[in-house]
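The structure that follows is given in the form of structure tokens.
Chain IDs A, B and C follow the sequence of writing; residue 1 opens each chain.
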Amino acid sequence: MLRVESLSHSFGKFLVLHDVSLEVNPGRLTALIGPNGAGKTTLYNTVSGRFRPTSGRVFFEGRDITGRPAHKIAPLGLMRSFQITNIFPHLTVIENVLVPLVLQERKAFSLVSSLAREKVLLRRAEEVLDRVGLLAAAYRPAQSLAYGDKRLVEMAVVLARQPRLVLLDEPTAGMNPEETNRMVHLIKDLAERLGTTFFLTEHDMTVVFAVAAQIFVLHQGELLAEGDPQTIRSNRRVREAYLGGSVDA
Amino acid sequence: MAGGSWGPTKRLVGTAVPLMVMVLCPLILPVYWILVLTEVLIMGLFAMSFNLLLGFTGLLSFGQAGFFGAGAYVTAIMIAKGSTSVWLAFVASTLFAGALAVVIGYLCVRRDEIYFAMITLAFGMMLYTVAHNWIEVTGGSDGLPLLSVPELTVLGLRVSLLAPRNMYLLALGVTSLGTWCLRRLVRSPFGLMLTAVRENRERLAFVGGNVRRVRLAAFVIAGGLAGLSGSLFCLFNAMATPTFLHWSFSARPVLMTILGGSSVFLGPAVGAAVFFGLEQVTTQLTHNWMIVLGTILVPVVLFFPRGLLGTVLDLLPKRGGGRG
Amino acid sequence: METFVVNILNGLSWGMLLFLISIGLTTVFGVLGVLNFAHGSLFMLGAYLCMQVMRVFPSFWAGILLGPLVVALLGVVIERWLLRRVYGRDVTFQLLLTFAVLLILDDAVRIVWGPGFHVVEAPAILGGIFPLFRHSYPVYRLFVIAIGPVVGLSLWAFFRFSRWGKVVRAAATDRAMAEGVGIRVPLLFTAVFALGSWLAALGGALAAPHQSVSPSMGDRIIIESFIVVVSGGMGSFPGAFVGALVLGLLESFGTVFAGRTQMALPYVLLAAVLLVRPRGLFGREG
């Protein structure tokens, strides 16, 4: 589904990613782990079109998307969330979700029709909000929500266009245990019900081992190991580099 | 949804009553005030078109006067060449200004905020330079006076625009139409795209939105409407001069919008009224208008960033979310 | 041949003036992140104050010394009491504020000195003409051509090698970090803004004998310096230098070859840069 081939990226003289190759298969919830500075976010950035990788290729569903700008990747069915919540703060929650929907229905340049009359769009927006549990807050300004709920808004925004692959950059960052639990259940639920493939990065190992079927380990810009949770847990190099022995999560 | 909790009947009344008042007031006002009101209307439309960029799309343009003036000159040139249709002049001015905005906008929307402000200023002044120097076409620094203002043909009637009351009503009509169009625009899916660009253009891009294209569309619409108001202004003043394109003229919609409040749809209109009110007071004291504008702008930006209408509405109890 | 050389010299002298102004603009932007719309007005004020000083002490050197100093003080006032209040906010506010200052200063100049133009004489040492081939060329312009790189290099060396220069660059790159190590960033910002204002005014004072002093001086220069910094790249010294010289030469040769369309040349340059390399010659991405 997503194939990364020999991807390298440097910022000036700093080589952040070196010759990374991996493949995410449809239906398998995949995780990318690694210590801070390993290059996880940079990998996401080069895949999702934030910047063009210095070298290497990215394929999505067979299509070469290397270096394509972000707005040309989303319509293909690949969406991402950000480490620092990236939503439309002064818009209401439902308006946040309507933005991707309007784009999907190609109504971005519909100048004269009233948005309030777009019943189909509104219904779909409500469905998405219901799915993440935010329907009750639909008409509140997004910035008035609690931190955890804001991340749910972003999740809703990301899911609105029914993408087939979603890159989640630390979805539980900054969340308390209860919110984290909810997020984990949500991700599992969505993966099952919608068939969306999630590719997430996380620092919280409990989350990773609870949801991931396939794990990639990144260390200092290189792919250190890959495999299912059991394999990764018992991989000595991974333990040394990253988990530091406290693997029994 | 965005727009408040007024039911359709209340909204109709809310629009119809003020409109009626505005239609009827020339019957009781002295000529001087009719003239002032006409100017308020025209500049109000100009300011609202500017705010489509600032308040809704988050783009601060210091060159809108270029499009305003372009519209004025197109009208002046058409009439000088013998055109007798006011409606045709309106259409031509709007389209020409819009076309200019496509070209200039294409270059401007490539960069963000600060650069956008600089570049729009520069291109606005480029248009000023053209108007000032292209003597054959634009009459140079003297401008183009209208030797005769054509009659307006409405529903079979021929109306003279030399009567202040008629000019006022024309301005009211065009401005109302322009405002109605803007209102629909702002409430459309495109309007949502505009606010999305303002709120978080990165997020918009990552959900598939072409930020440049949205901005360009906003810029073209704003430019076209500016041209329309310029056309009206030309008819009102019976001339077009290069001053209409100078950056100091671009300062007007900026000031009006900030005074009234960029976050409210009618903010700029209120700002236009306040602006002219201020002008009435200060021109009695001094000819130096810019220094007054600047001195007022400073405290407003520092202490009342939401503008007059914005601040007032902020103090009222909340009506529930909205993209304002 | 001679016309060619004369054009080059004209282009260089105007280019150097542009460079001085643009350096101030780009430094303030690079360090504070502020685009000072009033920069052209400060330039103009520098010219007027130089002229005014010369009415009291009939010495150009006095004018060029005192004028820019006064403007630098004004810069301190502007930064400290106006700009500082809007640093945390949306960039629109900063733009509006400097725009307001522009409005105030432009009219203030008109009120104090009247709307007409004034002529300032170059000092005697520099007032003569330099025989060039069969023609003669004003020494003053050669002086300007020489001064440009002197100021430019000194500034560059200052920022590159001196301790204060490094402190400024640190604060520009990462404000929070700089404050963390004890650098008094607010004071630094005020100082840099004052420096930028001083440079603009210096440019104005130098420009006074070069062209007539009038209330529309600020207009032209601000547009041109905007074009220079956008073309050269915001925050870049070499960018300002190259951009200014290119524009100066373009305009100089334009007067000869392009007739009236010469006016459009700066904008053509701007358009070309925006199309081909939006971040400017030496600019960084974003």
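Everything below uses one rule, namely that a contact is a pair of C-beta atoms (placed from the backbone, for glycine too) under 8 Å apart; a residue touches a chain by one contact, two chains touch by 3 or more.
Predicted model, so just to flag it, every value in this text is computed and none were measured.
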In contact with chain A and chain B alike are the chains none
Counting only C-alpha atoms to place each centre, which chain is farthest from chain A?
-> C
Which chain has the mean of its C-alpha atoms lying nearest to the mean of all protein C-alpha atoms shown?
-> B
For chain A paired with chain B, centre-to-centre distance based on mean C-alpha positions, whole Å | 42
Centre to centre, by mean C-alpha position, how many angstrom separate chain A and chain C?
-> 47
Just give me the whole-number Å value for how far the CA centre of chain B lies from that of chain C.
-> 33
Within the complex, chain A is touched by chain B residues 1-3, 184-185, 187-193, 195-196, 199-200, 202-211, 214, 217, 320-324
Quick one: in the complex, what on chain C touches chain B?
-> 29, 35, 37, 82, 85-86, 89, 91-93, 95-97, 99-104, 106-108, 110-111, 219, 222-223, 226-227, 230, 234, 260, 263-264, 266-267, 270-271, 274-275, 278
Touching residues (chain side chain B, partner chain C) in the complex = 54, 58, 60, 62, 107-108, 110-111, 113-115, 117-119, 121-123, 125-126, 129-130, 133, 247-248, 251, 254, 258, 288-291, 293-295, 297-298, 301-302, 305
Once bound in the complex, which stretches of chain A touch chain B?
-> 48-49, 69-72, 74-75, 79-80, 86-92, 95, 98-100, 102-104, 107-116, 118, 121, 139-141, 157-158, 160-161
